[in-house]
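Here chain A shows up in two complexes: once beside chain B, once beside chain C.
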Partner chain A sequence: MDITAPTIILTLVWGVAIGCVYILLATGLNIIFGVMKLVNFAHGQLLMIGAYLTWTITYSAGLNAYAAIILSMLVVACIGVAVERLTFRRILGGDKLNEIFVSLGLIYIFENAAMLIWGANSKQIVSPLAGLSLALPSISITYDRIVAVFVVIVTLIAFGLLIQKTKIGLAMRATSQRNSTAMLMGINVETIYMLTFAIGSALAAVAGGLYGIIFSFDYQVGAIPTIIAFAIIILGGLGSIKGAIIGGLLYGIVEQLATLFFGGVWGSAVAFAMLIVVLIIRPNGIFGEKGE
Partner chain B sequence: MQIKQAVTSFLRSKGFQIMLGAFALLAIIPVLANNNFFLYVFTLIFVFAIYASSWNLLANSGQGSLGHAAFLGIGGFASALIGGSMSSAIIVSLGVTKMPIGALSVLIQIVVILIGGLLSAGIGFLIGLACVRLKAWYLAMVTFGFSVIASTLSSQLDVVTNGINGFAPTTLVPSGYPFYILVITFAVTSITTMSLIMKSRIGLAFRAIHGNEEEAKMIGINTAKYKLIAFVISTFFAGIAGGLYAYFIRFIQNDIFSPANSFLPLIMTVIGGLGTVAGPIIGSIFLVSLQQTLALPSVVEMMRSSLGAYFPGVSNVGPPISYLLIGIILVLIVIFSPKGLAPLFRKLLKYITSEEKTKETKKQ
Partner chain C sequence: MQKKLLAVIVVIIIVVAIVAAIQLSMSPAPSADARDIMIGLVAPISGSPVGQDMERAARMAVQEINDAGGIHVSSWNTNVNITLVIADTINDAPTNAVAPVTRAVETDKVDLLIGGYGSAGTLANEIVAIENKVPFIITGASNELVTRRGPQGNYGGFGANGANSVSDSDGMSYMFHYCTTTYHYSKTVVDFFANEMKPMVAPDRNFSLAILYRNDAFGQGVEQAVKFWIQDENLPITLVADRNYDPTTTNYQTDLTAVATTNPDAVLVVDNPDKSPLIIKQGWNDVGLKTVYIVIENNQDQAFYDLIGSTGDGQLLESRFNPFMDPSYSTAVQAYVEKFDQLYPHTMPGMMGADTYDAFFIAKAAIESAGTIDKVAVRDAIETTNMDQSLIPTQSGKIEFSTGVNYHEILPLTFVEQLKWDEATSHLTSQIVWTPNSNSDLKQADFTLPTGYEPGQ
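Showing the complex of A and B:
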């Protein structure tokens, strides 16, 4: 591809669109970490399940893809609750390595179950706006990407209101600060954990639906976005929502630019290099908490 | 001095006798079985037993790597490339057309595998420097990142590595029984060395760090140093496993850096029993035999005819079903039996033997 002004602008727009999907995933991962002090490495697999469910609902029920995302959100939230109750709750507070082991087990379970159910071939969700694009002088942007950005903004605003304005959000914030004190204040911490996991999973499902509309995906799609989301929350600071948004946009743009200038293979390698450099300089992330 | 003491006491110990016995037994089994498939599976089991044990040693110091495939790959590529250039130099100097198989080639084989291990340990040292300050998931992510970077670099330096299309390493030890003996020699010595280290003061420090790093620091353990030591030892043996793997399957490609290869030693160790010597071996036996059985053409055909109809999107249903089960087993083991299958087997054995004893006493 020639490197000209329009291609750079297009790359930036793509970066913002893909960055938005990462932001949703990172926010979900972040809220779960903030409240439960747990990193679910299988978070990207929830994105994958969300994408597949949206595909199935669109394909078999003929529903509008964007409406299907809402349905798949609910289903994935239930899956998240099941995952929290059956696995993570039982190992919470123990050896940190156990979280990694359980996550890996979940990755294998989700990926292979998805492969058995939906097959090994890649799929793409058919959006009502497929093929349409906004034609500007010398560049054109598909409407799906613009809609994706809007969906992410709306979801994030709803999420922010939930955290800042509601009692549940207050309880979540209290639990994230100190769960034992929250318990003394009459908060049912276990319910909050369950809700947090459900919300985080639902955000991953939205990310999955948008991803599936923009790109084609298969059962292995979750792995790389998880790592990217992790890189974003390390860049932006664990537990910080604003950090996740800035980190997500930054990451999406850097990745797209690296791909444009150095070629596709360098996309994820550059991301990791960035992550490693940050962690070497600051082992807890740029804005990381001191205790963890 | 301590090392010498440890070694002499080890040579007298039951453990050493068991080791010799194990070696003899392992050497005889395939002869009795006299079956190429068994020989293949056995060799692979011991290659992966080394690999999983190396991961286990690192995890024992509280460092869970998700990118060990980087070191498997570095060891594999280094020994295959160096072995290739060494043997071509010998071919030229002797004026022959093919590498002669003999004492010299066996020696070269051992040397290049050790070089692969050393190179892997050298890079492991550098990566370890970056990793010693990191905890749990940060470390997991960074090690995983290194395996991705290693794969990218290997494809960028394709002129040197030839990793995109892959290549077959020069035959130095003939495949079959001779190679099996080579592998079990490496396996018995490597696993013994690692278990010795884990039983020594160094191993004690590893366990202290795993238990609680702050407290370990407080009682005067230089945690950074010991974590680095664990990293270097672990990556050395992972590199050796990589060399053996490349020469055994007679092919090496960038695929070796895949996440699946990084996760394999973790799964083997956790299923077998984290922190035990037997754990990685049991896990390797379990996983490798499962994989190889499922790869048999007759089994693939059977799975297709019986289950294929239910899963139309998948051409070979064996692997996904088995990995699904492995995922479930992994989660169940972490939650219900954190020490893995090894203690479970031991309990079972104890149960059986004690039952026999009670029967005997009743008879008396």
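Showing the complex of A and C:
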């Protein structure tokens, strides 16, 4: 195998592209954990639903796939609200095992429902940019991947502005720091929880739509990204959005470089080994606070 | 004169009637032991579209046989129907694949088993059939160990203490493999590259082949088989890349980037129909690896055609059963597809379903030849099967299992198809461009290099 500079650059591009999808998923998981202190193992299934909804809207309405992602995001946000109100709200603050088992149950419900509705065969969302590439010296990058990075950047900027510049964001930050005090200050914590879950679900839906354009997916697609998203938020630091971004990029790049040099089966192994090394050096993650 | 003629005719009629009555009275009555023949279908019905295809094919075969009068069992002096017993192996994982077969054999007391999907699941559940000496016509599972793991197959080369080896040669004699094996179709692939494609792109050097395969028993089996044939037949092929990946991934760009650095003339992709198209699309479109990709026969599936789209134009598929060609290359296949469509509208039949369908007729012929449902006699009858080929072409044109002390396999005829994108209909079609048997009349067109193809080095 002849490793050249263009080969390395291309590999870095693949790492950044997949890392961006992981970032969105991890960010959604992070804000849910940060604000609600809730561990949701069914978060990847929201990615799966987002992918299927984007596919359905694209094909049935003939919409541009990227426009379909926006609609899918709204629907999945509503699903997130329903899930939060009907399941997690009733057990929040109780035994953590309850949260785990509820989310495991949701995994089975979502996956089986998806299989019944859309079948077991894999699908892929075809975007208007399918097959088109930007030709650069020695390498070419598909426009879908460029758009994916752009969409993630825009989404994260919008999310950042929401958190930092709006009253809702302020309320979310207050609730994440101490929900009892937030309540005393007049913040409707239950409404904040609902909004947080909706936003986290919407981010998962965007990740799902992008994933479905770049890769194929089926009803079981959510499992592995969920594990990776958890790894990223631990790597970056629980509750840290900056950490999720850096962690996602780092994970994606390390995974792809390991694949290039050692083979595909080593990608995840090396990436998780990096996680272990980081946690040994910084037990709270790269940007984690003590006590998380 | 007329009266005499009339009298003669009446006498003849009376004599014939008396003779017929005597004959009927001499025919033995059906035996009191006569009952339906219980055939167990072993397939992952609730967990796999392929399993569902096998069930549809099985039910169609059973309905046809029963509607035509069933199976004649001479020892019972009557025809009897088939009752299908479903042994649903769910997802065919070894942990799920054994109990349904145990139930079929020990509780339902099936007379014969047909099916088997994946190699790992079949290697696990055929132990039940081996121990209970139940004839099992295995219509899936490309690993040849399913019939070669015993003494008569030299334990598949792994020795008597191999992890999958079975010492019971008598029990193994009840196993019959009606399916291509990894070694069968891998040979077709490398022979195609050596004999057909090499003269076109690499007349003065070895053909550069890359393999990209899923890291499980299936992928590893094909990789080993390809290496075996290249060495065994001393083929002018150099394996320039030999990479595997986690079966759960859908991100192949980096592996394809690494393959691209080796400048292959072709890439053999070993995965299932939901993943292979993605690999080819990422290779051709994302990485710029504009080469010939070949996939193997398990990709003869609507999902493959739907997912690969126009990127499939010019690419190759090794196969032994294609229900999508219209007109078909085989009248038997055409008839099967039409019957299938009548019974299951808008559902295309698959390859393992076709194997399964044939297997029911093999079983029927064997039981009728044996004249009994005694398992030893049925086994012996399957062993001496000599039917005309049906949905699966064979090298001799006959369905024959190797006999004597050897393992029981057929010698299928596999072929290479080239896909073509039809702009007018936005669909992929295919034509057979190569068969291992140069005398075969299956070939429909010459192989051509895909538009935009870049030869390796």
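Just so it is clear, the second predicted complex is superposed on the first by the 268 of 292 C-alpha atoms of A that agree within 3 Å, B and C clash if a C-alpha of one lies under 4 Å from a C-alpha of the other, contacts with A are read in each partner's own complex, and residues count from 1 in each chain.
One rule holds in what follows: a contact is a pair of C-beta atoms (placed from the backbone, for glycine too) under 8 Å apart; a residue touches a chain by one contact, two chains touch by 3 or more.
Quantities reported herein were computed from a predicted structural model and do not represent experimental measurements.
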First (chain B), second (chain C), both or neither touched by A:F215: second
First, second, both or neither for A:T142, with chain B first and chain C second: second
Chain B versus chain C as contact partner of A:V39, first or second or both or neither: first
Chain B versus chain C as contact partner of A:A120, first or second or both or neither: both
Partner chain in contact with A:I18 - chain B first, chain C second, else both or neither: second
Which of chain B and chain C A:L104 touches, first, second, both or neither: first
Partner chain in contact with A:L10 - chain B first, chain C second, else both or neither: second
Partner chain in contact with A:I280 - chain B first, chain C second, else both or neither: first
Chain B versus chain C as contact partner of A:F272, first or second or both or neither: first
Chain C-contacting residues of chain A that also contact chain B: 119-121, 265, 268
Chain B to chain A touching residues, read off their complex: 59, 62, 64, 66, 130, 133-138, 140-142, 144-146, 148-149, 152-153, 155-156, 259, 263, 266-267, 270, 274, 311-315, 317, 320-321, 323-324, 326-331, 334-335, 338
Residue ranges of chain C in contact with chain A within the complex: 48-49, 215, 241, 243-246, 248-255, 257-258, 261-262, 274-275, 277-278, 285-288, 302-303, 306-307, 309-311
Complex contacts: residues of chain A adjacent to chain C: 1-4, 7, 10-11, 14-15, 18, 119-124, 126, 130-131, 133, 140, 142, 145, 215-218, 221, 224, 256, 259-260, 263-265, 267-268
Contact set on chain A toward chain B in their complex: 39, 41, 87, 90-91, 95-102, 104-109, 111-113, 115-121, 223, 227, 230-231, 234, 265-266, 268-269, 272-273, 275-276, 279-280, 283-284
